[in-house]
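So, here's a batch of structures to check.
Look for subunit A in each of the two complexes below; its partner is subunit B in the first and subunit C in the second.
Then we have the complex of A and B:
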């Protein structure tokens, strides 16, 4: 496991094992994510990527080990963990009968956060959501536009931690580039990002570190060196090898 | 909390299917209250009309006949059970048990039960009154509103986002459930409150019904949310809840009713009528002394006035009318005891069938249940007794009869536990 300055660790998986109905979903999973870092958990279908996020969100309870958010055990401080976390599900299904503004207002109200209309519009502009779409119902949106709306919500929540579940799945290349740019911008402003994906290229594009997940186990880690991106070829080879072994 | 409620209220207003359910519940409730008010109004008008006709009939009889025996024989008396002010909400057993009779000073038991072709407890036909809407239809609306409260969010992929975004799960599901609960409660109860105001129903009784409805709605809401809390498939939850609804609203009451009917053997109203009529008809062929002995056993004050001269005297006739009641008394008592027992047993069954329980409670509060019907029957017996005690001195002692004394004739007065209800 890559060394991370313990003082800056915001997300930590401490030997997490999750068993559901005698099936081991995660097995002795260990990794740390420091403040301002983008950590991508890479794996194929059923590798345990989404289960890892669900564990940090408190939907899965570890059979052993601990999921730590900002120094506190999620299972014991669930409300705190969730208040510090902005979660972006794979299919950012907001309410289709509401407009982007109404959706964001509704979810912010759920989080008991007050934001002005100007703040909301600024967030929409930041994620490059077209202005003419702000007052349209989400049922007319493309997936990329829904994703942007959900990201603007995450931004408005000002949560220091982002948990992203397959965030670029189904997006077109332009939207992926826009998304990656935005994620990097968030990280550079101090946000900590844990994303799970099966997209090797996308993970190498955006992540500082990549954890390779297979059958619930962390089988490898890759780290960007000296402001260079993680070597896609290297990760791809490892990914393919692990998948076939 | 108000902020959460306000948010969910505005959110609910944007959900078309929720608004349609609320509108339907309001319309059905309004319909039931309107028909209830109309039915009660019709019953009151019938009573008023019969009261007028009753006075005219009796006045004619009093003008035509001069002796006490003929007057007692030809005078009819209207007895009735006026619907309470809350009867519009729960018509209860008023379409099972008769609520009006025209009686004479003849043998009574047959007169009470002559319209009772079958044991009244067997008749369980439903009515579209407010109690029916509450007990049977409102669970449907509640199931529709609450079965997919969580499951629909899970199915659409929003659940985790909602839960992780909400400050607390109670602020989310609690506020959402509270708003829907309040909205449907208002939609269903508002027509009832308007009906209660029109009927001048007692506030205490209205509050009692409100409390029972609240508990009943809370039961179905909690059940719907509880069953749907971990499920992904809303139709599966709905099916399970509809199954429970059918179990509680139909299967348990019907099985309970069948079991009660099987376990309690009771005479029918027609048995009472037949027994009493046979006793009266047989009396014509019995020696006068036999009838008078049986009569005096109940009225020893006339033991020296039993002599009948000639072939016919009214006192003999009225004596065997009363003896007819005395002969029918055991079977009538058995009938009433069985009816009471069935009512009590149905009460125990209702603990396992919430729709039945709330219907019974509402009928009890509105005084339209079987107990109110039993009380009305007792009112009739008491009135009939007062009539007999009024006429007997003239019939048995041949006291001097003056028609002006008819002004002192007892009048039927309905007694209700709480006449305001």
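Then we have the complex of A and C:
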């Protein structure tokens, strides 16, 4: 496992094992994500990527081990963990019958957060959501636009931790570039990002570190060196090898 | 604590408001809501007019019947016994919402000597075959169709959130699933309020017509509570399953089971568990029992020898001709009294069986909220079997009273000699009459529903059934809320 400065660790998986109905979903999973870091968990179908996120969200309870958010065990401090995290499911549809503004206002009101209209519009501008779309119902949005709306909500909630589930699946190349830019910008402003994906190229493009997940186990980690991206070829080879083995 | 509660309550309100926004933007939901409102409103108006007309007609016919009877000329009193008289049951004020068994049992009885007639003029007997499917009364709409409307509007309330992953999104940002569920329940409860609004307006009308405020509130509360049970069923199943189509299918199945199948299972079980004798069988038994009493028209029937001896002894005379009273009238009076006892015995047996069947059927309210509300509605509206039985008992008392009054006139105001010679020519025929003043003994008949406290105490069981349903569903919803997101 790559060394991370313990003082800066925001997300930590401490030997997490999750069993559901006698089936092992995650097995002794260990990794750490530091503040401002983008960590991508890479794996094929059924590798346990989404289950890892669900464990950090408190939807899965570890059979053993601990999911730590900001130094506290999620299962002990669920409200705290959820208040600090912004979760983007794979198909973040939000509410298709509401406009972007209405969606954001609704979610903020449920979280008991008061934000002015100016704040909301500023968040939309920050995620580069086209102005002419703000008053349109989300059923007319592309997936990329819905993601931008969801991220603007996370920005407004001032959540320091982002948990992203397959964020670029189904996006066109331009939308992927826009998304990657946005994620990097969030990380550079201090947000910590844990994303799960099966897209090797996308992960190498955006992540500082990549964990390779197979059958619920972390089987390798890759790290960007000296401001260079992680070597896609290297990760791809490892990914392919692990998949076939 | 208070601040936390305020936050939860305002979140619940936001969820409810958003659900309504969703419905208002969805054409299907608006269409369904509009249909629900139009159906309820139109049936309330139509039934109110019908019942008002019926009430007016029955009052008018009651008066006409009494007037016609009293306007009869001088006659032999026994002819008036057979001329008969009508008693009408005027509907209770709340029967504009639930006519109950009124349509099936008949609403008027022909009262005459020596017979207990059944109630007549039931809509179901007079109408075309199609009316046997049941009238579109407000009670039917709210009991059977309103749950279906709630299903159509609300089947996806929770499953939609799960299917589109907004549930995970909401819970992940710290919103409790129970806050969401309570918001959905509140939204659907507002639909319930809208559907029951026409009922509430009619309830006010019933209060102006003399119905007890207490009973109207109980009636309305029963319906709101019943529909709340359906809201809980809808939210429970919508929370339990992951897909909208699964939720819809499950709810329609439950609706068929609880609103269509169970009431029929209840009535079938009741009639099998407590079988009632058929009409022919009963009629033969009544005739056989009456034969033993003797013929009241025949003063020489051996069955009245004892009466004859007793009267001769009482008045210290040798022959019936010497009696200061008309022996034929005394025979008619004694015969009617005995005959009434026998008829009442059979009537009470039949009513006991009917009541037992009703009570067996009402127990199915533990298995179906529809059965519970049907009982509660008819009992509180004063259109239940108990009210009908009281009508039968009161009209029988009226019948006996009126027949015996005529028999008294027969006994005291017409001589025995004139009576037995009545067929010996025109003059004898004229002499065998009593004054038409004797017909004035008839009393105005009016019937009203049982007192509020009686009706309320009868409906406690149905309230308990609905309360149990609601409690179980709340527990089930709490369990369903724990399932994996």
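We adopt the following convention: the second predicted complex is superposed on the first by the 245 of 245 C-alpha atoms of A that agree within 3 Å, B and C clash if a C-alpha of one lies under 4 Å from a C-alpha of the other, contacts with A are read in each partner's own complex, and residues count from 1 in each chain.
In this section, a contact is a pair of C-beta atoms (placed from the backbone, for glycine too) under 8 Å apart; a residue touches a chain by one contact, two chains touch by 3 or more.
Remember, it's a predicted structure, so these values are computed and weren't measured experimentally.
Superposition of the two structures on subunit A shows subunit C clashing with subunit B.
In the superposition on chain A, contact is made by A:93 with both subunit B and subunit C.
Residue contacts after overlaying the shared chain place A:162 against neither subunit B nor subunit C.
In the superposition on chain A, contact is made by A:107 with both subunit B and subunit C. Of the two partner chains, neither subunit B nor subunit C is touched by A:39. Contacts of A:179 after superposition on the shared chain: neither subunit B nor subunit C is touched. Taking the listed stretches 290-298, 308-316, 380-388 or 398-406 of subunit B in turn, the superposition on chain A shows a clash with subunit C for 308-316 alone. Touching of subunit A by both subunit B and subunit C, each in its own complex, is seen for residues 54, 57, 59, 79, 82-83, 85, 87-95, 97-98, 102, 106-107, 109-112, 150, 157.
Residues of subunit A touching subunit B in their complex: 54, 57, 59, 79, 82-83, 85, 87-95, 97-98, 102, 106-107, 109-112, 150, 153, 157. Residue ranges of subunit A in contact with subunit C, taken from their complex: 54, 57, 59, 79, 82-83, 85-98, 102, 106-107, 109-112, 137, 150, 157, 159, 163.
Residue ranges of subunit C in contact with subunit A, taken from their complex: 7, 10-11, 14-15, 18, 21-22, 25-26, 164-166, 168-175, 179, 484-485.
On subunit B, the positions that touch subunit A within their shared complex are 3-4, 7, 11, 14-16, 156-158, 160-168, 171-172.
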